[in-house]
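Here is the structure we will look at.
Labels for the chains are A, B and C, by order of writing; each one numbers its residues from 1.
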Amino acid sequence: MPTTLLDVRGVTKRYGGLVANSNISFQVGYGELVGIIGPNGAGKSTLFDLVTGFQPADEGQVLLEGESVTRLRPDEISRRGVARTFQKLKPFTQMTVVENVMVGAFQKTTDPARARNQAMEALDRVGLADKSEAHARVLSTGQRKRLELARALATRPRLLLLDEVTGGVDQRSIPALVDLVRRLHGEGASLIVIEHNMSVIMGISQRIVALNLGEVIADGPPAVVGRDPRVVEAYLGQAYVA
Amino acid sequence: MAPVARWPVVRWTAAGVLLLLLLAFPLVFTQPHPRHVVITIFLFAMLAQAWNLLAGYCGQISLGHAVFFGAGAYTSTLLGKYFDLSPWIGMAVGAVVAVAVSQLIGYPVFRLRGHYFAIATIAVGEIVNTLMINWDWAGGARGLFVPIKRPDSFVNLQFHQSKQSYYYIALGLLLLAFWITRKVEVSRMGYYLRAIREDQDAAASLGIPVAAYKQRAMALSAALTALGGSFYAQYILFIDPDSVFPTALSILICLVAVLGGIGTLWGPLIGAAILIPLGEWTRIYFGGTGKAVDLLIYGALIMLVSVIQPGGIMALAQRGRRRTG
Amino acid sequence: MTAEVLVQGLVSGLLMGFVYALIAAGLSLIFGLMEIVNFAHGEFLMGAMFATFWAWALLKLDPLVSLPLTVLLLALFGLLVYHGLIRWILGAPMLAQIFATFGLAIFLRAAAQALWGADFRLVKGPLVDGRISLAGIFIGLPQLVASVGALCAFGLLYWFIRKTETGLALQATSQDRQAAMLMGIDTQRMFALGWAIGAACVGAAGALLAMFFYIFPDVGATFALLAYVAVALGGFGNVPATLLAGVIVGIVEVLGGLLIAPALKYAVVFSLYLVVVLWRPQGLLGRF
């Protein structure tokens, strides 16, 4: 069995003349939590799209447990065990909370009763079980983040990609969300997390991959990456949320 | 919120009573006209239910469903005319033809989203209509008469003495459409279709093969619509491109579902039970079909529904219940 | 088929193409502004043709004379539709938006039929009539005037959205609603204006068509479908590109009729729509 869960090898994505991702390589091991940081427009969400098949890479390869998923469709990659959330939240607004999560659970079962049970378990894990019969459209932003997380968890993924855990969430709800991610990691989940809030990402990640202008400028433990002169330079002029 | 557990019981009891009433209807009303009105309601409720599977649950607004209706009507009629096959076999073949056509159309068209998709389905409908008008073997613009068979028999699906048999066959088709929709609604497919309707990217991220499920919904919808088409041909005994392929028919099917409430099991029946008698009534009251008073009212109703409650009458009813309950 | 027939066809296709372009321009403008397809666009056109017809039948006004009135009437009607219907469905699901304008289309068509019946009507003996012959090519004078008129109207529209301050505000709203709002543009007013102008374009097209085309309640349907094709060709929201797109539609229609079969000419045009949206969804020329 290979020791790396995800192996991103030199992926490149261009939009016309603009290079959104340039020759990006990094790895994620089993049970690891990798944080991805970078200023706005660094190419973080594009990288997620390339890994999960929402956009085709122009060059490079993505390997999951040693097998290429580079040319697969998003749903195929999901069924291989990669789940994700979106920076711009995408709840199924006209369905109830539990129905939202059932859609995820149906990946591993066709039985509605079993899907419902698994969905309730996932909702329990993210602390949203009491809202299970509410319509998704009435949820707050923080609750919607939890909902998307539960939906992704319900697919029982091997790797979970979270795009902006705390973005747009009010200050009071942030600690609980951060705890949730930390707990998932503690339970053995492998995660890649995009996060703007520096203190959050430095606190929870085992490793940080820093992007700037579509390139990897640093890859290492949080303490090292945080002091890397290139990272500091990239963030100059940006609000460093300490 | 109303006690969740009790509502389904009430609802299914009501459904049972309704079914008994519908079964008894032809025994009480023996005149052709009331029967004809209810048969038409059944037919359109069924067509709207078929459309609802694709548009209401899966969110793909097709404005060209007459293609499948026409495919059913023409297949059974042509097979009867040239090969003397029973309409029942023709109906089955018609459904298969409609499914094949639907997959052929769906493959390119499902790559489009929103308005592009809706207009593309109109375009396909118009193309097929034009082709049928110019296809002489299939009767061209003059249309086709269904070969008359006597005496009345179930095998021939023709009944010249009374509309009673047509009535029960139409009811059977409606129940079939309801049963299939209900089966889909509570199964994994129902959840997947609604997820696709709400957000295709999120659906794909959860492992749903979006294109394949759209094709499946389209196939089911097309097959059911084709059954309705074959029934129509056997009921009216004459078809031409103008009566079974026009965009106006596609629109009417949507109107029924939209008025009743799309994405709901009961919406299509409610919509048909309102629109069809309304059309009949205006025709009698204002005389002739040339005045188009029925369409005038349909148009106004649809605008009202769109503005006030896009969920249709079902959503209005639910809102009312929540307020009182 | 002789070369003469082909040239004759191409010329008439070109002339009709300018009229299609004008119809499509209004549709594209409205879509670009608020991502709503006006499914009643053909019925707007039908209304303009009937207005022209009645001005001629009752007031003895030639279509060219009543044209400004028709344009004004349609612009007002566009405003009415915006304020009475469209404004209420701006944030609604796409389905509600589709059916609102669809309902309007059905309503208007039925209203015309209820009021004036399904008869085909024709403006007889318009000011401009007959035909001229140029190097063996016959050109109907009303058609020629209609296409020149459509071209002028199109030019006016182009000048308005490209050169005037209000036009630039329209364009800004079309490109980025949020940014336009931040710049202090009243987007609601822009939407209303878009409907007024969009309807005015169809008003002009309807008045011009009424010089030589039969007038009946369903007349708009075919023109609207051709306009969708032109809008898709030019790219939804790209107003200037609809000029070229309209001409392409006009020529494809004629060529389809000549080379394949007259009865199939519309099927050929609609196939063109499918090919374009599938192969190049942003249109041949992209968005402005």
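One rule holds for everything that comes next: a residue touches a chain if its C-beta (ideal position, glycine included) is under 8 Å from a C-beta of that chain, and two chains touch if they have at least 3 such contacts.
Since we're looking at a predicted model, the values are computed, not measured.
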Any chain that touches chain C and chain B: none
Remotest chain, chain A as reference, centres from CA atoms: C
Identifier of the chain whose CA centre is least distant from the whole-structure CA centre: B
Rounded Å distance, chain B centre to chain C centre (Cα mean): 32
Rounded Å distance between chain A and chain C, as computed from the means of their C-alpha atoms: 47
CA centroid of chain A to CA centroid of chain B, Å: 43
Chain A partner contacts - residues on chain B that touch it in the complex: 4, 186-188, 191-192, 194-195, 197-199, 201-210, 263
Residues of chain B defined as touching chain C within the complex: 55, 59, 61, 108-109, 111-112, 114-116, 118-120, 122-124, 126-127, 130-131, 133-134, 247, 251, 254-255, 258, 262, 290-296, 298-307, 310
In the complex with chain B, residue positions of chain A that touch it: 52, 54, 73-76, 78-79, 83-84, 86, 90-95, 99, 102-104, 106-107, 110, 112, 115, 133, 148, 151-152, 155
Contact set on chain C toward chain B in their complex: 31, 35, 37, 85, 88-89, 92-100, 102-111, 113-114, 117-118, 217, 221, 225, 228-229, 232, 236, 261, 263-264, 266-267, 270-271, 273-274, 277-278, 281
